[in-house]
């Protein structure tokens, strides 16, 4: 039965593909085509999940739980819930796109590139499906290696430095994270997430609050760096600048945010709430900081990096207000960022393939030359600025509206980011596409999007619209997963008589604790 | 009759002198000799303890140490010859090609 | 209940947008035209169909097509509603919209972006209809942002021109500031009501007389005002509208005169229940409106670019509408919205026709004497000018007079508002007639265009739009526009002449039908708690918005007064620009400071640039970019790295390569280890 | 006869060594000595087989309780045999026919292995001492084998002088213990030492033994010799001496600390605690600025000695198992990486600097990839042996309440990531345009075998560690005072709720 | 008597050791080392280890030191010049050595009573008894030393051989 082993398949088909790639001859486009097929297969398999997912049931599904190592007991425990479901799909969805965007960009060392690319796929999927702390940690760390190597391999100017910077930024905190995990193990005797959750929730361990606080902090820092959260984002611009597009697409956001959802909120509810004020402040600062710095960039990639920082900070804000709507919005925004940010990076890389620079000051008047590319670019930019009926708006709106009752002041400030994001995005569009064609654009005659590029971009564009219009299809699953993490009363009906909708909702929000 | 402790102290003195000699000598051969001195000191300790415990093992240990020392001497002197051929010096202070 | 399929209204233009947008580039021009016209005509027909059946409907009529966003407690639907207010707006949007589409067929005929233009126009219709049909704040916000997007695209239609691109960007961003207010208002609504549906929110508010003037309602209302101010180009966010004239003239007519910019007014009227409970917010609206009306009118007096004059006049007229809303005379505001849609659209289209005739010339100083050359344009324009100047019995007179009257009788500070409004009326008629005279009378100055052209180019504030000349060569064969452009002019002219009748005030023996029609929707709740709440609850309209008795005479008087003022404005203009053409310049010389102030639009753009834009960029580029990001955050990482390497250097210092040193090292530590072990020292130094 | 079986691997190795010498003597002066290498490899293989076979022996002692074969000693026998086998193959690959003294080199490797094996199975301090000397002296010699270069003899000299210096301490330590108890038998110590009327001597003796062994495992602060010696010695020899003698010495340390003097843990845990901290920190910090590959790996081996010492401080069966497991994984990845280096750099170090390895993966994807694998394992990335090694070590330590040690250790592994990753990045970076194209000979069969063995071991230890782990755990069971494994799940209130 | 002998030869040991420490010519060092070893053999006798005493003279003074002097001659090593390559040797090493001596002396002397006394001739180990243990209980180590010696030969040959 497929359902019993589906997660293993989804996770390790790319690995198998990688091994085959290592053996393939370096001839023509053999490697590319094969990798594309593998990623498409993975995506197809992953579609099995939403189809057979039981949206009524909030626990983990498609669970696989086998013994791996006897003592200390480490289990091969996989499973997805409404949260990881979509993240897995996002990852597999970006797989083929990553191949297509690298099609021309990666000319040398293709075998190595696609080998590590597929390895990265496995690592990321594994992070989302692993339910044993050590197994999770395994995938988490593993996800660093191909990334770092590819950055070092493909970085145009300072690849090595960027790779090392990225690796250290993530690896150092995760060492402390491992300490915390081991400590929990010493106290509870299990690495299994579900059992850990139960044990910690039961509160029967008699662990000192201080110790728990430190443990949760170790978790949080490790994840916050990966997101990244405001002061810890030092690696992001360099990496986005140096990494190959296929990697830059996936380097930020989902992994760290997922981990915060799953582990910080799942294992340390009290501690997370204790540190919430700080995180909210950082989130809001991050929103404005990212937007303002994006305003100041002239390099497209760096601009995108900072805009990513801003958009992800929305998620942080939504998470740490612990309002159900805000949490849903945060997850949704995570998906948005994955899709829209990737789309923007892809578009930029297509520009780079044509004009060979990321420096906006050299561009101008491209719209006349590449109308299709310009159109898709504008659509993506609008999605990022949160135009209604596109996905970005739903995420931002849910986050802000959900969090507003909890922290009106902070959220009010955060909403200013809406103005700033529009500013830098439109300015970027104008500098690249509008005005008279620059000398660069005049001298390099280049055709508009070809078939491959259309195939790369349209799925994302369509998804942006679909998620903007049909959000409930995604949120119904997310809602189930988040309802356990949110505060019971998700908004304060301070003065008004609750509308009927609210009365109905309060019990729904109250029914928490789904193991 | 002499307290065993005296023997032990004597061996300790010899050992420490050996250590000091190791530190102070520049000629590799002399340094090697000071190692031999340290080994002898240890031997004395063994014999003394063997006497204390009326245990023959201690003395046998010394016997083995002598064998080992002989072997070491052979090898060590070979090494010294080798390095003299390579560097044409026996001054240990000049044999610091590899550092940091 | 009967299903009206309201969704058809927006979907058709959207379909048109998709077809033209995706296939238009390759499609032949007639096909594009057909698609575009169908995309705007069918909704119009559907609306007329609605009008026919309107009587038989139970209002408000709500249709829901599905959930858009649902999360935990909160959910928002795709749901449209139809009531009197919506109907009025629908008529304006579809009617005027269609006419302008028709006009554009002629006007844009030679543009290479023809298909693009009409795709955007249909997109605009889609969003505008969504806006007016929306049944909850969130869906309204969709339209709200959407029309902003369409206006961004259309203003930047000539994207290769930097000025156009800048204008578009400016419009979108300034609008975003307003949208920010709208968003916050929505968050507050969710926080306090848990829903964004109009009905439930308004009912809840209407049921609570005790909330009269409540803080949170005031906050909500004020944030909504911010939104409205942004969209309707009121002080302080009006700056984008004059620049928006970079767009093709039909765009200015449709979006920046008739429909989109009035969305703010519509929104206030739609949510008036909140405002009625928040007098402070109302007062703010009234003051902003009045101030804007006057301010913009003064600027309008000195502009020489024909479209800019109209732009400032639009801002000023919107100010009137705000004033009306501010004094809780929503029906008056909407009424002026309608009439203004007629004559201002007409003005723009006519101006477009003039520009068209002069093959792209927009500067009034090089116009003149066109009366004979383009008669149709002249006469239609004349109708519009008279209408806007408030010459009875034209539409403008009626609606503006209603507003002034309502302001006058409104309890708090009404008299001042009325006074300013009255003066503004005078200024309005002055600058409109100024435009009229400079364009159509006197001897033709077109010959001067050559040597003047250079000057115009040199001038920074007036932008010389070179739109494609329908008749090829750039010669000065001044010519009347083609039929397809003239018919819309004529129809609109008729409307602006007779449009006033549907709201002819009772004071002047009319039966203010319009107010009665709207009253079920827009009657202010604070006038009379019990009845209104009942009214709103039952949805039965039994409250004509009647003024206190015995005001007939006052209304008469005021009407007379305003007519007089209008006449004065006309006369002054007549004197300065017809009888003694030189007068204006001399006047300008005389009071130079004032003139400079006005002609430079009070340097508001420059002010914003210096106070807002520059500091933000400085902050971003230097304070954050260099100081924080480079120095602190990157620097921190660097410092850590280097310090570690420093320790590394320290460690390797031991590695001197000298055997004796090594031996010394070993001996020392051996001794220490021995001593430590023997005396058990380090046992204490092991942190567990 | 039964006794002989208990030292079968040693016998096999000795005979193989002698055979190599004899054949060497009979061969023509000019003839290639490579076949001798294959012969020696066969011998090592036989020894490996013999060691594995020893698992079928019932635990027991031989030769009047001088040696004991049990799960513990056999575990290390197997490990050492494997190391020597790999080292021989690496040597075969990197040397040329003209390399002088090959016959002696192969023989020395085998004899050295004999010493190491005796170290691990001896229960008599005398034999341990002899074994230590055998392994040490053979290593001294091999370190100086590249006589033509200026560095090799120097490294031999340094190693020899300092090694003997440390040996003297070790010996003195034994003397002290003998003085305190009147015996040098581990078993006797385990049973009677606690009753010694002169504990002071025991403390000092223990300390001196720790010093001596600390030197052999290159644990700070007794690590000073390591970088210089590694730099000068031939790479294949370093592959052996950075693993074999260390592993054996750690085994001895386990025997003495856990087996002979467990009741003194109050005294030796603090020493080892500090040695662990110093080794990890000094090793990693020292490696940060290294430009020479072999010195960098020397510092890294110091750091790894530190990680391994962490396991000792756990003072539990888990600790023993963790240490044993770590020894295996460390040996696998270290031998592996030296296999790559000695192939790329050759017997006479053509490539010394890290920068020389820039773009290695362009020249030879296989070597580059494998080297990256080993480096990643050294970092401790999951699904490689390095990770589970660290994991078990720190889990054991933390379970015994060594929170700070664990934190320090894992932060250290974070620092270590820097220089390992810099190496990886260098391998995968584009080769500098200016740099001359490095000439990498195509890998020979023995190298491929060695790489396969080590890489496979590294991966298996990372993905399916259960087998080796249980072997290590059963090795830990052989220690009477820890025969009951500390039930890891003791403090677990939720274990009854089976995971769904 | 015993004490006298101990003092004499112990003093000789120390004197020889110190001489080794201060002499700068390797030959002198070698000679003083020989003095130390010979007098040690006397002390062994005092402690009743007759075989060791003999072996000490034969193996050490006889074989090993001859080898040393041989090498010294071979490399005609002259008077060593006191170069100053290492400060650490002095600032770290000598304190180390001093601590070492002090600590050990303290331990031994403070527990002096427990070590008991050495009486002359009270405990003599004749070679037979020694060989009993050596060739029975400690047979294996004895055999292993053969490997050790083999290695030594190998190494000496390999390292000292003339390269061609």
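Per-chain numbering from 1; labels A, B, C, D and E assigned in written order.
Quick note on the criterion: contacts are C-beta pairs under 8 Å (C-beta built on N, C-alpha and C of every residue); 3 or more make two chains touch, one makes a residue touch a chain.
What you see is a predicted model; the values in this text were computed from it and never measured.
Trainee: Between chain A and chain C, how many steps is the shortest route if every step has to go to a touching chain?
Mentor: Shortest path length, in steps: 1.
Trainee: If you check the contacts of chain A and chain D, which chains show up for both?
Mentor: Intersection of chain A and chain D contact lists gives C.
Trainee: Could you name the chain whose CA centroid falls nearest to the centroid of all protein CA atoms?
Mentor: A
Trainee: Which of the two pairs, B-E or C-D, is linked by more C-beta contacts?
Mentor: Contact tally favours B-E.
Trainee: Please name the chain that ends up farthest from chain C once chain centres are defined by their CA atoms averaged.
Mentor: E
Trainee: In whole angstrom, what separates the CA-based centres of chain B and chain D?
Mentor: 27
Trainee: Hey, how far is the Cα centre of chain C from the one of chain E, in Å?
Mentor: 103
Trainee: When the centre of a chain is set as the mean of its C-alpha atoms, what distance in Å lies between chain D and chain E?
Mentor: Using C-alpha averages as centres, the distance is 31 Å.
Trainee: Mind checking the centre-to-centre distance between chain B and chain C? Centres are C-alpha means, answer in whole Å.
Mentor: 97
Trainee: Quick one: which residues in chain B touch 2 or more of the other chains?
Mentor: In chain B, 8, 15, 18-19, 22-24, 31-32, 48, 52, 57, 60, 64, 68, 71-72, 75, 78-80, 82, 92-93, 95-100 touch at least two other chains.
Trainee: Can you list the chain C residues in contact with two or more other chains?
Mentor: Chain C, residues with two or more chain partners: 652, 655-661, 663-667, 669-670, 674, 678.
Trainee: If you look at chain D, which of its residues touch at least two other chains?
Mentor: Each of 126, 130, 133, 137, 140-141, 144, 147, 153, 156-158, 161, 165, 200, 204, 227-228, 403, 415, 418 in chain D touches at least two other chains.
Trainee: Which of the chains touch, listed as pairs?
Mentor: According to the stated criterion, the contacting chain pairs are A-C, A-D, B-C, B-D, B-E, C-D, C-E, D-E.
Trainee: Applying the document's contact rule, which stretches of chain B touch chain D when the two form their complex?
Mentor: 8, 15, 18, 22, 28, 31-32, 35, 38-39, 41-42, 45-46, 48-49, 52-53, 55, 57-58, 60-61, 64-65, 68, 71-72, 75-76, 78-80, 82-83, 85-87, 95, 97-100
Trainee: Can you list the residues on chain A that touch chain D in the complex?
Mentor: 63, 65, 68-73, 75, 77, 109, 111-112, 134, 137-139, 141-142, 144-145, 148-149, 152-153, 159-160, 163-164, 167-168, 171-172, 175-176, 178-179, 182-183, 185-190, 192, 194-195, 198-199, 202, 204-205
Trainee: In their complex, what parts of chain C are in touch with chain A?
Mentor: The touching residues are 25, 67-75, 138, 141-142, 145-146, 149, 152, 156, 159-162, 165-166, 168-169, 172-173, 176-177, 179-180, 183-184, 186-188, 190-195, 197, 200, 204, 211, 214, 216, 616-617, 619-621, 624-625, 628-629, 633-634, 636-637.
Trainee: Looking at the complex, which residues from chain D come into contact with chain E?
Mentor: Residue list for chain D touching chain E: 7, 14, 17-18, 21, 62-64, 66-67, 100-101, 104-105, 107-108, 111-112, 114-115, 118, 124, 126-127, 130-131, 133-134, 137-138, 140-141, 144-145, 147-148, 153, 156, 197-198, 200-201, 204.
Trainee: Within the complex, which stretch of chain D touches chain B?
Mentor: 126, 129-130, 133, 137, 140-141, 144, 147, 149-158, 160-161, 164-165, 168, 171-172, 174-176, 178-179, 182-184, 227-228, 231-232, 295
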